[in-house]
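As C-alpha coordinates, the structure follows; a few thoughts come after it.
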(Lines give C-alpha, C1' and ligand atoms only; values in the text may rest on other atoms or scores of the structure.)
Protein backbone atom coordinates (compact mmCIF):
# COMPACT_ATOMS: atom_id res chain seq x y z
CA UNK A 1 0.00 0.00 0.00
CA UNK A 2 1.19 3.48 -0.79
CA UNK A 3 2.16 5.85 2.02
CA UNK A 4 -0.63 8.31 2.72
CA UNK A 5 0.15 9.11 6.37
CA UNK A 6 3.88 9.76 6.80
CA UNK A 7 3.44 12.02 9.85
CA UNK A 8 0.83 13.65 12.08
CA UNK A 9 2.77 16.91 12.13
CA UNK A 10 1.36 19.82 10.15
CA UNK A 11 2.45 23.41 9.70
CA UNK A 12 -0.73 24.97 11.03
CA UNK A 13 -4.02 24.17 12.85
CA UNK A 14 -5.87 24.47 9.58
CA UNK A 15 -3.66 21.89 7.88
CA UNK A 16 -4.19 19.75 10.96
CA UNK A 17 -7.92 20.05 10.47
CA UNK A 18 -7.52 18.96 6.86
CA UNK A 19 -5.52 15.94 8.01
CA UNK A 20 -8.33 15.09 10.45
CA UNK A 21 -10.77 15.14 7.54
CA UNK A 22 -8.43 12.85 5.59
CA UNK A 23 -8.16 10.38 8.49
CA UNK A 24 -11.95 10.28 8.76
CA UNK A 25 -12.31 9.56 5.06
CA UNK A 26 -9.58 6.93 4.98
CA UNK A 27 -11.38 4.94 7.69
CA UNK A 28 -14.51 4.94 5.54
CA UNK A 29 -12.40 3.88 2.55
CA UNK A 30 -10.98 0.94 4.50
CA UNK A 31 -14.50 -0.21 5.35
CA UNK A 32 -15.86 0.39 1.85
CA UNK A 33 -13.05 0.29 -0.73
CA UNK A 34 -15.32 0.67 -3.76
CA UNK A 35 -15.21 4.21 -5.19
CA UNK A 36 -18.62 3.69 -6.78
CA UNK A 37 -20.26 2.53 -3.53
CA UNK A 38 -18.72 5.40 -1.58
CA UNK A 39 -19.94 7.91 -4.17
CA UNK A 40 -23.47 6.57 -3.73
CA UNK A 41 -23.14 6.71 0.04
CA UNK A 42 -21.92 10.27 -0.25
CA UNK A 43 -25.16 11.29 -2.02
CA UNK A 44 -27.11 9.79 0.88
CA UNK A 45 -25.25 11.45 3.64
CA UNK A 46 -24.79 14.86 2.01
CA UNK A 47 -28.52 15.44 2.27
CA UNK A 48 -29.02 13.96 5.73
CA UNK A 49 -28.27 16.45 8.47
CA UNK A 50 -27.93 13.71 11.11
CA UNK A 51 -25.19 12.07 9.08
CA UNK A 52 -23.45 15.37 8.47
CA UNK A 53 -23.36 15.93 12.23
CA UNK A 54 -22.01 12.40 12.75
CA UNK A 55 -19.31 13.05 10.15
CA UNK A 56 -18.39 16.27 11.93
CA UNK A 57 -18.01 14.27 15.14
CA UNK A 58 -15.51 11.91 13.53
CA UNK A 59 -13.46 14.85 12.30
CA UNK A 60 -13.57 16.31 15.82
CA UNK A 61 -12.17 13.11 17.33
CA UNK A 62 -9.40 12.90 14.74
CA UNK A 63 -8.63 16.59 15.18
CA UNK A 64 -8.04 15.93 18.90
CA UNK A 65 -5.35 13.44 17.93
CA UNK A 66 -3.69 15.65 15.34
CA UNK A 67 -3.81 18.69 17.62
CA UNK A 68 -2.19 16.77 20.49
CA UNK A 69 0.47 15.44 18.10
CA UNK A 70 1.35 19.01 17.18
CA UNK A 71 1.42 20.38 20.73
CA UNK A 72 -1.65 22.39 19.71
CA UNK A 73 0.54 24.59 17.49
CA UNK A 74 1.24 26.81 20.50
CA UNK A 75 3.29 29.90 19.81
CA UNK B 1 -8.26 28.19 0.48
CA UNK B 2 -8.48 31.16 2.78
CA UNK B 3 -7.14 30.93 6.34
CA UNK B 4 -9.97 30.40 8.80
CA UNK B 5 -8.03 28.65 11.60
CA UNK B 6 -4.77 30.51 12.27
CA UNK B 7 -4.54 29.38 15.91
CA UNK B 8 -6.37 27.41 18.62
CA UNK B 9 -5.53 30.05 21.22
CA UNK B 10 -8.34 32.28 22.40
CA UNK B 11 -8.53 35.05 24.99
CA UNK B 12 -11.21 33.41 27.13
CA UNK B 13 -13.13 30.13 27.65
CA UNK B 14 -16.16 31.66 26.00
CA UNK B 15 -14.20 32.54 22.84
CA UNK B 16 -12.85 29.00 22.98
CA UNK B 17 -16.40 27.71 23.02
CA UNK B 18 -17.21 29.84 19.97
CA UNK B 19 -14.18 28.40 18.20
CA UNK B 20 -15.43 24.89 19.03
CA UNK B 21 -18.75 25.76 17.41
CA UNK B 22 -16.87 27.04 14.36
CA UNK B 23 -14.79 23.85 14.08
CA UNK B 24 -17.98 21.78 14.26
CA UNK B 25 -19.58 23.78 11.47
CA UNK B 26 -16.52 23.78 9.26
CA UNK B 27 -16.46 19.97 9.32
CA UNK B 28 -20.07 19.95 8.13
CA UNK B 29 -19.14 22.49 5.43
CA UNK B 30 -16.33 20.26 4.20
CA UNK B 31 -18.77 17.35 3.86
CA UNK B 32 -21.51 19.46 2.30
CA UNK B 33 -20.07 22.54 0.61
CA UNK B 34 -23.38 23.76 -0.83
CA UNK B 35 -24.81 26.67 1.17
CA UNK B 36 -28.29 25.87 -0.10
CA UNK B 37 -28.12 22.21 0.94
CA UNK B 38 -26.75 23.12 4.37
CA UNK B 39 -29.54 25.66 4.87
CA UNK B 40 -32.08 22.93 4.14
CA UNK B 41 -30.32 20.54 6.49
CA UNK B 42 -30.34 23.23 9.15
CA UNK B 43 -34.14 23.44 9.00
CA UNK B 44 -34.29 19.68 9.57
CA UNK B 45 -31.99 19.54 12.49
CA UNK B 46 -33.16 22.70 14.25
CA UNK B 47 -36.48 21.04 14.97
CA UNK B 48 -35.12 17.61 15.84
CA UNK B 49 -34.02 17.36 19.45
CA UNK B 50 -31.94 14.24 18.82
CA UNK B 51 -29.91 16.11 16.22
CA UNK B 52 -29.53 19.13 18.45
CA UNK B 53 -28.09 16.84 21.14
CA UNK B 54 -25.75 15.27 18.58
CA UNK B 55 -24.61 18.72 17.48
CA UNK B 56 -23.95 19.64 21.12
CA UNK B 57 -21.78 16.52 21.41
CA UNK B 58 -19.61 17.59 18.49
CA UNK B 59 -19.10 21.01 20.06
CA UNK B 60 -18.18 19.27 23.33
CA UNK B 61 -15.49 17.19 21.62
CA UNK B 62 -14.05 20.23 19.85
CA UNK B 63 -14.20 22.26 23.05
CA UNK B 64 -11.99 19.59 24.72
CA UNK B 65 -9.36 20.24 22.07
CA UNK B 66 -9.55 24.02 22.27
CA UNK B 67 -9.55 24.00 26.08
CA UNK B 68 -6.47 21.76 26.20
CA UNK B 69 -4.74 23.99 23.64
CA UNK B 70 -5.30 26.96 25.96
CA UNK B 71 -4.18 25.23 29.14
CA UNK B 72 -7.82 25.54 30.24
CA UNK B 73 -7.39 29.31 30.63
CA UNK B 74 -6.17 28.73 34.18
CA UNK B 75 -5.49 31.84 36.23
CA UNK C 1 -22.89 38.82 23.64
CA UNK C 2 -22.95 38.70 27.40
CA UNK C 3 -20.29 36.73 29.29
CA UNK C 4 -21.63 33.37 30.40
CA UNK C 5 -18.35 31.42 30.61
CA UNK C 6 -15.73 33.52 32.42
CA UNK C 7 -13.77 30.50 33.67
CA UNK C 8 -13.75 26.69 33.75
CA UNK C 9 -12.67 26.68 37.38
CA UNK C 10 -15.25 25.68 39.96
CA UNK C 11 -15.13 25.24 43.72
CA UNK C 12 -16.18 21.58 43.73
CA UNK C 13 -16.77 18.57 41.46
CA UNK C 14 -20.51 19.09 41.80
CA UNK C 15 -20.29 22.68 40.57
CA UNK C 16 -18.10 21.35 37.77
CA UNK C 17 -20.84 18.94 36.85
CA UNK C 18 -23.34 21.79 36.78
CA UNK C 19 -21.01 23.73 34.49
CA UNK C 20 -20.83 20.68 32.20
CA UNK C 21 -24.62 20.68 32.01
CA UNK C 22 -24.55 24.38 31.18
CA UNK C 23 -21.97 23.88 28.40
CA UNK C 24 -24.14 21.13 26.92
CA UNK C 25 -27.21 23.37 26.91
CA UNK C 26 -25.41 26.39 25.51
CA UNK C 27 -24.32 24.34 22.49
CA UNK C 28 -27.94 23.44 21.85
CA UNK C 29 -28.90 27.09 22.25
CA UNK C 30 -26.33 28.13 19.67
CA UNK C 31 -27.81 25.64 17.20
CA UNK C 32 -31.41 26.53 18.02
CA UNK C 33 -31.65 30.04 19.46
CA UNK C 34 -35.46 30.11 19.67
CA UNK C 35 -36.69 29.55 23.25
CA UNK C 36 -40.04 28.33 21.93
CA UNK C 37 -38.48 25.75 19.59
CA UNK C 38 -36.15 24.48 22.34
CA UNK C 39 -39.08 24.14 24.74
CA UNK C 40 -40.87 21.98 22.17
CA UNK C 41 -37.73 19.91 21.61
CA UNK C 42 -37.41 19.49 25.36
CA UNK C 43 -40.85 17.85 25.52
CA UNK C 44 -39.74 15.41 22.86
CA UNK C 45 -36.51 14.39 24.42
CA UNK C 46 -37.68 14.27 28.05
CA UNK C 47 -39.85 11.29 27.22
CA UNK C 48 -37.38 9.52 24.93
CA UNK C 49 -34.91 7.41 26.86
CA UNK C 50 -32.51 7.20 23.92
CA UNK C 51 -32.27 10.98 23.81
CA UNK C 52 -31.84 11.20 27.56
CA UNK C 53 -28.89 8.83 27.28
CA UNK C 54 -27.46 10.91 24.43
CA UNK C 55 -27.82 14.05 26.53
CA UNK C 56 -26.04 12.32 29.41
CA UNK C 57 -23.18 11.52 27.04
CA UNK C 58 -22.75 15.18 26.10
CA UNK C 59 -22.59 16.13 29.77
CA UNK C 60 -19.99 13.38 30.29
CA UNK C 61 -17.77 14.77 27.54
CA UNK C 62 -18.03 18.30 28.89
CA UNK C 63 -17.41 17.08 32.42
CA UNK C 64 -14.12 15.57 31.22
CA UNK C 65 -13.05 19.03 30.11
CA UNK C 66 -14.14 20.80 33.27
CA UNK C 67 -12.61 18.13 35.52
CA UNK C 68 -9.26 18.36 33.70
CA UNK C 69 -9.38 22.16 33.95
CA UNK C 70 -9.74 21.84 37.71
CA UNK C 71 -7.02 19.23 38.19
CA UNK C 72 -9.83 16.88 39.17
CA UNK C 73 -10.32 18.84 42.43
CA UNK C 74 -7.65 16.63 44.04
CA UNK C 75 -7.08 17.19 47.74
CA UNK D 1 -29.28 21.24 46.32
CA UNK D 2 -27.79 18.53 48.44
CA UNK D 3 -24.17 17.47 47.93
CA UNK D 4 -23.99 14.26 45.92
CA UNK D 5 -20.49 14.67 44.41
CA UNK D 6 -18.04 15.78 47.09
CA UNK D 7 -15.00 14.26 45.35
CA UNK D 8 -13.94 12.19 42.34
CA UNK D 9 -11.53 10.16 44.46
CA UNK D 10 -12.49 6.60 45.25
CA UNK D 11 -10.75 3.81 47.13
CA UNK D 12 -10.66 1.35 44.23
CA UNK D 13 -11.29 1.04 40.46
CA UNK D 14 -14.56 -0.72 41.18
CA UNK D 15 -15.84 2.15 43.33
CA UNK D 16 -14.68 4.45 40.56
CA UNK D 17 -16.80 2.49 38.13
CA UNK D 18 -19.79 2.86 40.45
CA UNK D 19 -19.20 6.59 40.58
CA UNK D 20 -19.12 6.67 36.77
CA UNK D 21 -22.52 4.96 36.75
CA UNK D 22 -23.81 7.54 39.23
CA UNK D 23 -22.53 10.45 37.12
CA UNK D 24 -24.28 8.98 34.08
CA UNK D 25 -27.57 8.69 35.94
CA UNK D 26 -27.37 12.13 37.50
CA UNK D 27 -27.07 13.69 34.04
CA UNK D 28 -30.26 11.89 33.02
CA UNK D 29 -31.92 13.09 36.22
CA UNK D 30 -30.99 16.69 35.46
CA UNK D 31 -32.59 16.38 32.02
CA UNK D 32 -35.66 14.53 33.31
CA UNK D 33 -36.23 15.27 37.00
CA UNK D 34 -39.51 13.33 37.27
CA UNK D 35 -39.00 9.96 38.98
CA UNK D 36 -42.14 8.60 37.29
CA UNK D 37 -41.01 9.61 33.81
CA UNK D 38 -37.52 8.16 34.35
CA UNK D 39 -39.04 4.88 35.58
CA UNK D 40 -41.04 4.66 32.36
CA UNK D 41 -37.99 5.49 30.28
CA UNK D 42 -36.07 2.80 32.16
CA UNK D 43 -38.58 0.15 31.04
CA UNK D 44 -38.02 1.26 27.45
CA UNK D 45 -34.29 1.18 27.48
CA UNK D 46 -33.83 -1.96 29.58
CA UNK D 47 -35.25 -4.02 26.75
CA UNK D 48 -33.54 -2.18 23.90
CA UNK D 49 -30.03 -3.46 23.28
CA UNK D 50 -29.06 -0.36 21.30
CA UNK D 51 -29.90 1.84 24.27
CA UNK D 52 -28.08 -0.45 26.67
CA UNK D 53 -24.97 -0.10 24.52
CA UNK D 54 -25.41 3.68 24.45
CA UNK D 55 -25.74 3.71 28.24
CA UNK D 56 -22.55 1.66 28.51
CA UNK D 57 -20.80 4.26 26.39
CA UNK D 58 -21.77 7.06 28.76
CA UNK D 59 -20.42 5.08 31.71
CA UNK D 60 -17.20 4.51 29.74
CA UNK D 61 -16.72 8.25 29.17
CA UNK D 62 -17.37 9.05 32.82
CA UNK D 63 -15.07 6.24 33.91
CA UNK D 64 -12.28 7.87 31.90
CA UNK D 65 -12.71 10.99 34.00
CA UNK D 66 -12.88 9.20 37.34
CA UNK D 67 -9.92 6.97 36.48
CA UNK D 68 -7.78 9.95 35.49
CA UNK D 69 -8.80 11.75 38.70
CA UNK D 70 -7.52 8.78 40.69
CA UNK D 71 -4.25 8.38 38.81
CA UNK D 72 -5.68 5.09 37.58
CA UNK D 73 -5.33 3.63 41.10
CA UNK D 74 -1.75 2.64 40.23
CA UNK D 75 0.09 0.64 42.86
CA UNK E 1 -21.01 -6.94 45.83
CA UNK E 2 -18.12 -9.15 44.87
CA UNK E 3 -14.88 -7.62 43.62
CA UNK E 4 -14.67 -7.83 39.84
CA UNK E 5 -12.32 -4.88 39.19
CA UNK E 6 -9.39 -4.96 41.60
CA UNK E 7 -7.02 -3.10 39.28
CA UNK E 8 -6.74 -1.59 35.79
CA UNK E 9 -3.23 -2.99 35.37
CA UNK E 10 -2.79 -5.88 33.00
CA UNK E 11 0.23 -7.83 31.82
CA UNK E 12 -0.19 -7.06 28.13
CA UNK E 13 -2.17 -4.92 25.68
CA UNK E 14 -4.28 -7.91 24.75
CA UNK E 15 -5.30 -8.53 28.37
CA UNK E 16 -6.02 -4.81 28.55
CA UNK E 17 -8.32 -5.17 25.58
CA UNK E 18 -10.11 -8.04 27.31
CA UNK E 19 -10.54 -5.87 30.39
CA UNK E 20 -12.02 -3.14 28.18
CA UNK E 21 -14.56 -5.67 26.89
CA UNK E 22 -15.37 -6.64 30.47
CA UNK E 23 -15.89 -3.02 31.52
CA UNK E 24 -18.24 -2.52 28.56
CA UNK E 25 -20.29 -5.55 29.53
CA UNK E 26 -20.42 -4.72 33.22
CA UNK E 27 -21.97 -1.34 32.41
CA UNK E 28 -24.69 -3.12 30.44
CA UNK E 29 -25.17 -5.52 33.34
CA UNK E 30 -25.63 -2.63 35.76
CA UNK E 31 -28.34 -1.17 33.52
CA UNK E 32 -30.02 -4.52 32.85
CA UNK E 33 -29.22 -6.99 35.66
CA UNK E 34 -31.45 -9.79 34.33
CA UNK E 35 -29.42 -12.53 32.63
CA UNK E 36 -32.48 -13.57 30.61
CA UNK E 37 -33.18 -10.06 29.33
CA UNK E 38 -29.51 -9.53 28.42
CA UNK E 39 -29.46 -12.85 26.55
CA UNK E 40 -32.45 -11.70 24.49
CA UNK E 41 -30.83 -8.35 23.86
CA UNK E 42 -27.68 -10.15 22.76
CA UNK E 43 -29.61 -11.97 20.02
CA UNK E 44 -30.87 -8.63 18.77
CA UNK E 45 -27.57 -6.90 18.63
CA UNK E 46 -25.47 -9.80 17.34
CA UNK E 47 -27.29 -9.60 14.04
CA UNK E 48 -27.42 -5.82 13.78
CA UNK E 49 -24.26 -4.38 12.29
CA UNK E 50 -25.04 -0.88 13.59
CA UNK E 51 -25.19 -2.19 17.14
CA UNK E 52 -22.00 -4.20 16.68
CA UNK E 53 -20.24 -1.02 15.61
CA UNK E 54 -21.68 0.82 18.63
CA UNK E 55 -20.45 -1.95 20.90
CA UNK E 56 -17.00 -1.70 19.33
CA UNK E 57 -17.02 2.02 20.11
CA UNK E 58 -17.68 1.37 23.80
CA UNK E 59 -14.77 -1.07 23.92
CA UNK E 60 -12.58 1.56 22.22
CA UNK E 61 -13.40 4.16 24.87
CA UNK E 62 -12.73 1.73 27.70
CA UNK E 63 -9.53 0.59 26.03
CA UNK E 64 -8.30 4.20 26.09
CA UNK E 65 -8.70 4.19 29.85
CA UNK E 66 -7.03 0.82 30.40
CA UNK E 67 -4.19 1.67 28.01
CA UNK E 68 -3.50 4.97 29.78
CA UNK E 69 -3.59 3.20 33.16
CA UNK E 70 -0.87 0.86 31.93
CA UNK E 71 1.34 3.53 30.42
CA UNK E 72 0.47 1.95 27.06
CA UNK E 73 2.60 -1.09 27.97
CA UNK E 74 5.64 0.71 26.54
CA UNK E 75 8.83 -1.28 26.47
CA UNK F 1 -6.39 -17.56 22.65
CA UNK F 2 -3.65 -16.68 20.25
CA UNK F 3 -1.72 -13.43 20.66
CA UNK F 4 -2.98 -10.81 18.24
CA UNK F 5 -1.99 -7.66 20.17
CA UNK F 6 1.57 -7.97 21.47
CA UNK F 7 2.19 -4.22 21.53
CA UNK F 8 0.64 -0.85 20.66
CA UNK F 9 3.92 0.40 19.20
CA UNK F 10 4.13 0.74 15.45
CA UNK F 11 6.83 1.96 13.12
CA UNK F 12 4.77 4.74 11.53
CA UNK F 13 1.47 6.65 11.85
CA UNK F 14 0.07 4.68 8.95
CA UNK F 15 0.79 1.35 10.64
CA UNK F 16 -0.77 2.84 13.75
CA UNK F 17 -3.87 3.60 11.73
CA UNK F 18 -3.97 0.02 10.51
CA UNK F 19 -3.70 -1.19 14.11
CA UNK F 20 -6.63 1.08 15.02
CA UNK F 21 -8.67 -0.58 12.28
CA UNK F 22 -7.69 -3.99 13.65
CA UNK F 23 -8.70 -3.05 17.20
CA UNK F 24 -12.08 -1.86 15.90
CA UNK F 25 -12.66 -5.12 14.08
CA UNK F 26 -11.53 -7.33 16.95
CA UNK F 27 -14.13 -5.72 19.23
CA UNK F 28 -16.82 -6.60 16.69
CA UNK F 29 -15.42 -10.12 16.50
CA UNK F 30 -15.64 -10.50 20.27
CA UNK F 31 -19.31 -9.47 20.18
CA UNK F 32 -20.12 -11.59 17.14
CA UNK F 33 -17.63 -14.48 16.79
CA UNK F 34 -19.36 -16.11 13.81
CA UNK F 35 -17.54 -15.40 10.55
CA UNK F 36 -20.73 -16.04 8.59
CA UNK F 37 -22.80 -13.62 10.68
CA UNK F 38 -20.11 -10.93 10.46
CA UNK F 39 -19.92 -11.36 6.67
CA UNK F 40 -23.67 -10.76 6.45
CA UNK F 41 -23.40 -7.74 8.73
CA UNK F 42 -20.62 -6.41 6.56
CA UNK F 43 -22.90 -6.42 3.50
CA UNK F 44 -25.41 -4.36 5.48
CA UNK F 45 -23.03 -1.76 6.71
CA UNK F 46 -20.95 -1.39 3.55
CA UNK F 47 -23.93 0.13 1.80
CA UNK F 48 -25.17 2.25 4.69
CA UNK F 49 -23.38 5.58 4.89
CA UNK F 50 -24.49 6.16 8.50
CA UNK F 51 -22.82 2.92 9.54
CA UNK F 52 -19.69 3.71 7.58
CA UNK F 53 -19.44 6.99 9.47
CA UNK F 54 -19.97 5.18 12.77
CA UNK F 55 -17.23 2.71 11.86
CA UNK F 56 -14.91 5.61 11.03
CA UNK F 57 -15.62 7.02 14.50
CA UNK F 58 -14.54 3.79 16.18
CA UNK F 59 -11.29 3.82 14.22
CA UNK F 60 -10.77 7.45 15.26
CA UNK F 61 -11.13 6.60 18.96
CA UNK F 62 -8.74 3.66 18.66
CA UNK F 63 -6.30 5.76 16.67
CA UNK F 64 -6.19 8.23 19.58
CA UNK F 65 -5.02 5.41 21.81
CA UNK F 66 -2.43 4.05 19.40
CA UNK F 67 -1.12 7.54 18.59
CA UNK F 68 -0.70 8.38 22.28
CA UNK F 69 1.04 5.05 22.85
CA UNK F 70 3.57 5.98 20.19
CA UNK F 71 4.17 9.52 21.37
CA UNK F 72 2.50 10.60 18.13
CA UNK F 73 5.53 9.38 16.16
CA UNK F 74 7.14 12.80 16.69
CA UNK F 75 10.45 13.35 14.95
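Order of writing sets the labels: A, B, C, D, E and F. Residues in every chain begin at 1.
Heads up, the rule we're going with is that contacts are C-beta pairs under 8 Å (C-beta built on N, C-alpha and C of every residue); 3 or more make two chains touch, one makes a residue touch a chain.
Bear in mind that the values here come from a model prediction, so they are computed numbers and not experimental data.
Counting only chains that touch, the fewest steps needed to get from chain C to chain F is 3.
Path length between chain B and chain F in the chain contact graph, taken as the least number of steps between touching chains: 2. Taking shared numbers over all numbers used, the chain E to chain F interface scores under half, which places it in the different class. Per the C-alpha superposition, chain A sits rotated 120 degrees relative to chain E, a value rounded to a multiple of 5. On a Cα centroid basis, the chain most remote from chain F in this structure is C. Annotation: 15 Å between the Cα-based centres of chain A and chain F. Annotation: 26 Å between the Cα-based centres of chain B and chain D. Chain E has its Cα centroid 31 Å from the Cα centroid of chain B. In chain D, 45, 48, 50, 54-55, 57, 61, 64, 68 are the positions where the chain touches two or more neighbouring chains simultaneously.
Residues of chain A touching chain F in their complex: 1, 3-9, 23-28, 30-32, 37-38, 40-42, 44-45, 48, 50-51, 54-55, 57-58, 61-62, 64-65, 68-69. Chain A meets chain B in the complex at residues 12-14, 17, 21, 45-50, 52-57, 59-61, 63-64, 67-68, 72-75.
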